[in-house]
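Following are the structures in question.
Same chain, two partners: subunit A is paired with subunit B first, then with subunit C.
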Partner chain A sequence: MMKRKASWLMMLTVIVMLSLIVSACSGGGSINTGNSGSSDSSGSSGGNVNGSGEQAVKLRILWWGSQQRHDATMEALKLYTEQNPHVTFEPEFSGWDGYWDKLSTQSAAKNAPDIIQMDSAYLAEYASRNQLLDLSSGIDTSKMDQALVDTGKYQDKLYAISLGNNAFGMAYNKEAVEKLGLTPPQTGWTWEDYWAFGREAKAKIGDGGYVLMDMSRDIDVYGLYQMSKGKGYYVTDDGKFNMDWETWMEWITTIGELREEGVIPPADVQVTDKELDPNLDLLAKGTVLIRQLHAAQATALDNLNPGGMALVTMPRGDEGSGWLKSSMFWSVSANTQYEEESKKFIDWFINSEEANAILGTTRGVPVNNEVLAAMEPNMSEADKMGVELIRETAPIAQPFKTEPKGWPNFRNKDYRMIAEKIMYKQITPEQAWEEIVSKSKEYE
Partner chain B sequence: MNAQHSPASQAETRRARQSFRSKIKERWESPVAGYLFISPWLIGFLVLTLWPMILSAYYSFTDYSLLEAPNWIGTKNYSLIFTNDSLFAQSLKVTLLFVVLSVPLKLISALLVAMLLNKDIKGMSTYRLFIYFPSLIGTSIAVAILWRNMFGADGFINQIIGFFGIQGISWINNPETALSTLVILVVWQFGSSMVIFLAGLKQISRDLYEASSVDGASKLKQFFNITLPMLSPIILFNLVLQTINSFQMFTQAFIITQGGPVNSTYMYALYLYDRAFGRLQMGYASSLAWILLIIIGIATAIIFLSSRYWVFYEHERKGKA
Partner chain C sequence: MNPFKSFKIYHLLFGLIAGFMLVLLSVVIWFSYTTSSKEFVQNTFYYQQQLLSELNKQLSIQLVGIEQTALATSQNVRLEEFASSNRTNYQMYRKKKDIEWYLAQITYSSTVIDSIDLYISYDVGPYSGTQDFGVRLLEHTQLLNEPWYADIELSDDAWLGERTLLTSRGSRNVLSYVRKLYSNLGQYQGVIVIHVKAPAIHQLIAGRGGNESTIRHLFDSGGRPMLQRDQSGKLEALSSFVSETKSPSGYRVAQQVNGAWVEGSEYLMVWSEDYSTKWKMIELTPYKEITRGSLNLALALTLIGLCALIAVLFVTHYIARQFTLPIRHLLSAMGKFSVDRKPVKLPGDYNNEFGAMFNGFRSTSDKIIQLYDSLEEQHRRQRDAEISALQANINPHFLYNTLDQLNWMAIDAGEEQMSRVLELMGRMFRIGLSNGERWIRIEDELEHLACYLEIQQIRWGEGLEYEIEVDEGCRKAWIPKLTLQPFVENAVLHGLHGRMSGRIRIRCLGDASRLEFTIEDDGVGIPENGVLPPSRKKGGYGVKNVRERLDAYFGAPYGVTIKPRPEGGTAVVVAIPRIENIDDQLGGGRYVENRTDR
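And then the complex of A and B:
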């Protein structure tokens, strides 16, 4: 009898243990259906059918950005759900840091969100690996500048819909510049003006602070410098290394001199900078007076110090500088089950006046020209500042460059690291040049 | 041992074996029940550890990009790593330095604190709780961010030493000091080793201390001649565990320094991660992972081989005597 009792107890325990596993598994399963809908494309097992007979759809949508962009986007999504009750959203959003790690992991697991915010630097990586849907049909792009539409193409197919006009320029602390009695930077200023502005301001500030950012690590800014000197971008369109020794030496020695003079902060201050982070951005903290920035970031910039900041074009050389680009894109995952609904949403996002009234310029200047014209009278000062930078950059802009496959890593990792060694005075510019050239061979 | 071969005992063994067999027959479900009991762990191990390991071994011989199907390329990844990868050498150097610095420091502080907590003081369990607490939260992202702020240019540490008139530097942003900052962070999380040491200390018989103090041994002598030898198996255990952990250092370096400045904290695991998710070279990263596994294996083997010279097992001693 005792034995029997014991084995019953044993069985009971086993059943309890197993039921825990089963419930754990099924729990995961139900979350999964919530995330990405049913795997059945006809949707028969998908879920509720609402009164109007339309299939309930839950779109996963992923973007990076600042708090302003998060808030505006959430509000726009809410409006879309009000107008289309069968569509709900599962938003995932974060800052730029870690965004691409997350997306690549999700893509590898064939679990990428339906709608993905895309950057031009990564468009080739994802489009060439068949991760994105061709968006040539189903989205009305007729009110956009054709040049802007084309920025979303990879090998003549449209994989990404531009969400904003953008310009690369500079942001400066207007308040401080006025207080110091300096002439503020002017549209169309040159690199010589820029360096001189730094020295002049330093003379007034004294030991208490710095003026210019150390842009040693930013090869895209150097690329613009080289273009403004008529020597092309740092990499050619077909993936050949194209840095000019003389131009680069001039650039890196000037920066080095300014660092010695205290115009540019020392390395250990510079590396703490995090763009537009209220506690870490060197411009926001008042450590420097000017930094490179995109027009699409105007609202976030203004938010750091309302009314106190201003934008100006990127310094130029004999040739123009700065560029117009698409601020960012919407792409649709190749694995989505809701192709039509995703396209419909993107179409609404770029072409609806209501949507753009909410979104403002949180993703750059609206791409639909009619919508923009209707919006302009009601724009905030910060928004107008962004639009203005785009207008001023347009006549002097260099053609925007996307890097060939692989090169983004050269920009993000290798070049930054070598430049850091110069900043910390571990190597001379000459030694750095050798390293840069040998590293670039890995990518050609 | 020899007694078993006498005829009488052979018959006995046979009988024992038969009864054992019938017992098995009677309770044939026992092994099944056993497996069922460990099934939560077993399933987890097979699905979440063994299968990914097999896959990664396969990927390490391919050009798998995370987004495209893998192609077999033989040992190309491995030969590239060993012949043409300066970051591999750099990150391995940083990681070895980190292991060599952090493991001994962590064990020493764990042991010292464990000895402190082994005393009979009122409210000891409360002290233990507070001292163990940092280790519970230590690996979290929040603490990593806290650390970044504490050791920054205008952080807490510099405010303190500024009070004494010393101009601090930005600890985490200088190539010379960044790694040490991370070492201090992990040393601070000595809790788990400490708990194991504490258990070990409690195992040491009081008689040994009493007898030796009657003989006039000082506290220091007792520590080196009683505590350390009696504790050496525990030290071995902690040493192996911490060495393996330290080789895999990732979170703190990722959050606090992101491998910088100038790659001075560019841990091996960080490099592996960059290859896998930054450059989408999962095949190459898998090769790196297997090389790390082998390196950890070698390090552990060295520790075990050396242990015969410094680890003292009480029962061995008795056997010899």
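And then the complex of A and C:
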């Protein structure tokens, strides 16, 4: 009897001890003693791997645009991070100027962002240098017009996903034009109408301001001018120099005359222009009344002076003018570590109604037709203005031209520099022509 | 209170061993915790130190790179042309564009340079940059409004701590290096500011394998915090606390009290200063974080210790049981023995002290059993004696009555002598029986002797004389009944046998503790060899009885001495202790019993 009692006491002691150990284990957390007493304390394992097992991803993303586009894009990125907490972004953005300088330097250093906003003019350039990823799979483009999808192809491979329909036209200060009692520019107006509008407006404005932008440096506008005269683009599709001496002399001389007349601002003023910058844009500042612009920039334009701005088609010649194009693209850098995550983001960007509700038409008219249909009832006046320009440009549009490989640099660097010399009256148009021709030889 | 005397042995053994183990364990755990945490701090310091100086080196490379870039730029960007009087607008435009392009390429090709600002001290006319990403050409008047202008005013270059840069591209956190530009003629031309991406530096400083709770701070050579904005000088306090040591690297264990740093136990503070830039990196690690390892160790030890303790408890329980088992055996044996007084079976395989204890108990209990047996025997005898005494009490009445009748018969027959004899006999009976008491007063013993001798005188007629001399003081003392009578009887029957006259003298001499009776006769005496002739054997029983009784009651030096008298006859000396109180006699009686049993 005594003996039995003693062993019960012993058992009790052991049980108390073991329970102490177990509680010590669960209290200590990280220690696994591995003895039988603590095998039940599985609740103490550290939880550093979450259920989905997704790695944290930081996507670098680069675009150009106006403040409206920046704001909308940032908000969309925020939404995406909310829905995919493992993905964060390192956004970089600026205006059009400098964008390609930065991208080319970064690409040369193989340090390009994961997701790059691409322009038609540069697509061939980057795709041919194998700096972009083939996006043929992984992104749903079934709700897009096939023609639009194809604008992102280079040698039959999809290197860029179109983000919107766009049209190249002009924006003018409707408010000021009406105040001056001028006839507003009409759809289908001609280059002659354009020059005349400048002179007419100048007469009313007097010395206090200018009317037209100095487009000497913008060879794409000259390209459209030449196309409207039936002489083709400044460069042929196979990369041959195609500027017509006579047409160009006419173009550059007219601009020179208008500069002398004060219709076009002098070079010092012109170089301070920064497209759609509220403080630096010459149209926004009221320095000029009209400038070239894309339909996708309608909301940004409207924001400069809500309701006070309007869009009109690019002036035409014997043939039509302006063109329809893909506003811009998303491309993925060939050096990205996050191919799948980048594609997933682009797919969401074009196909998600939520995303497009935020983005509106900041990158042109949405490409997913179902999304567009859902958005249309809620479109703002500015959005509608952009859509209208596309609609009006369509009948007279020239076929969209992309620069062949190498030519973007001619357009952006060499031609601009020569044109600036003309603007500053460092050289005559004739001298400039010689320089242009000799420079172009380097690209042929 | 001595616990070894008051608690149960099992509890003592179990409690003491378990307690001792517990104390031992606690000491070991405490010791290992303190030593290992010290070791951990040393180790942590060592590795953090290595890491910090490595990081500092990397950072230094970056910073020196930036400084070199600024220097190279200051050589390449010549602004003198802006001052030339015959400059054209186009030249100005081109120059700005070229500078912008040049600077932009620097920022685009670097992963750490965020952008470059150029403040030109000349009037260069309006210009809007085309390299938004990387370059801003700013008017010199703006420089004067910069909050950091004071830092550069008196020196050629300076590093500016982390701050927020607001541009059209949003806000970014940057560290900036500012350098003044001078022409070849030493004329001040402006300031170039290279903005370094703060996140890149943060990332660099965070290093790899960084711990979340570890905080690293960066200070320039002047002790200004470079990566965090200083809130109410807290970081400056940290920097100056470290600078107190005047050592380029080291560690302190410190804590923050009201914004000031003092020696304490909250953080391990390790710092390293770069040799070239003199920039100091200070790393703060919560002390708990470091000692967590040793805490875990202590915890593990505690667990192992507890397991060991349980094992020890089992072993202790076993040992304590093994030690207390024989004791319990013995206890239960003793308990059982005291109840039924039968030999108890105890384990026989103990050869040690327990075996000796068992054997001792066994022999003791055997002896006790024997003792009990003899006691019972004695009790039986005592009962028998009591019964016979009771029976004997009946006889005297019958004898007295008969003697009385005989007396009357003798009186009737005119036998006066016979009547006297019968009367004396009655008195002798009364004293001889004395209600079965074994002890009587000496005066009664002497009266008994006197009666006997008077009877003998009557039988002898003339010729027998006797004399009894006794100190009056002795008369009330006690003596075993009929101690002297056998010797008197012997003297009459044997000493004076066949004689016509004889003389018997009885004397009693005594002091406070001893009484000596001398019985002398002038009879035939006894042979020199002391052997009594066969004729005296009859009285031999009585003498032997007395001898044994005296021996039993008192032992040496008391007893009986018989010797011949030089003048003829025999002298018997009986020596007894003087007993005044009957209680002593009872004590003596018990003594007798013990002695007879031995």
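Definition applied: the second predicted complex is superposed on the first by the 386 of 444 C-alpha atoms of A that agree within 3 Å, B and C clash if a C-alpha of one lies under 4 Å from a C-alpha of the other, contacts with A are read in each partner's own complex, and residues count from 1 in each chain.
Assume contacts are C-beta pairs under 8 Å (C-beta built on N, C-alpha and C of every residue); 3 or more make two chains touch, one makes a residue touch a chain.
What you see is a predicted model; the values in this text were computed from it and never measured.
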Scan A:D101 for contacts with subunit B and subunit C and give back first, second, both or neither. both
With the two structures laid over each other on chain A, which partner does A:A121 touch: subunit B (first), subunit C (second), both, or neither? neither
Tell me the contact category for A:L372 with respect to subunit B and subunit C: first, second, both or neither. neither
Among the partners subunit B and subunit C, which is in contact with a greater number of residues of subunit A? C
State whether A:I205 touches subunit B only (first), subunit C only (second), both chains, or neither. neither
Answer with first, second, both or neither: which of subunit B and subunit C does A:A357 touch in the superposed model? neither
State whether A:Y424 touches subunit B only (first), subunit C only (second), both chains, or neither. both
Would you sort A:A56 into first (subunit B), second (subunit C), both or neither based on which partner it touches? neither
After superposition on the shared chain, which partner residues are touched by A:F93: those of subunit B (first), subunit C (second), both, or neither? second
If we overlay the two complexes on their shared chain A, which of subunit B and subunit C does A:V271 touch? Say first, second, both or neither. both
Does any part of subunit A touch subunit B in one structure and subunit C in the other, and if so which residues? 10, 13-14, 17-18, 20-21, 101, 105, 267-269, 271-272, 420-421, 424, 426
In the complex, subunit C touches subunit A at residues 88-90, 93-94, 101, 104-105, 108-109, 111, 125-134, 168-170, 296, 299-300, 302-304, 306-307, 309-310, 313-314, 317, 321
In the complex, the residues of subunit A that touch subunit C are 6, 10, 13-14, 17-18, 20-21, 24-25, 28, 30-31, 33, 35, 37-38, 67, 70, 92-95, 97-99, 101-102, 105-106, 109, 111, 267-269, 271-274, 277, 280, 420-421, 424-426
Give every residue of subunit B touching subunit A within the complex, in rising order. 29, 33, 36-37, 39-40, 43, 65-68, 152-153, 169-170, 173-175, 260-263, 274, 277-280, 282
In the complex, go through subunit A and note every residue touching subunit B. 7, 10, 13-14, 17-18, 20-21, 100-101, 104-105, 107-108, 125-126, 129-131, 267-269, 271-272, 406, 409, 412-413, 417, 420-421, 424, 426
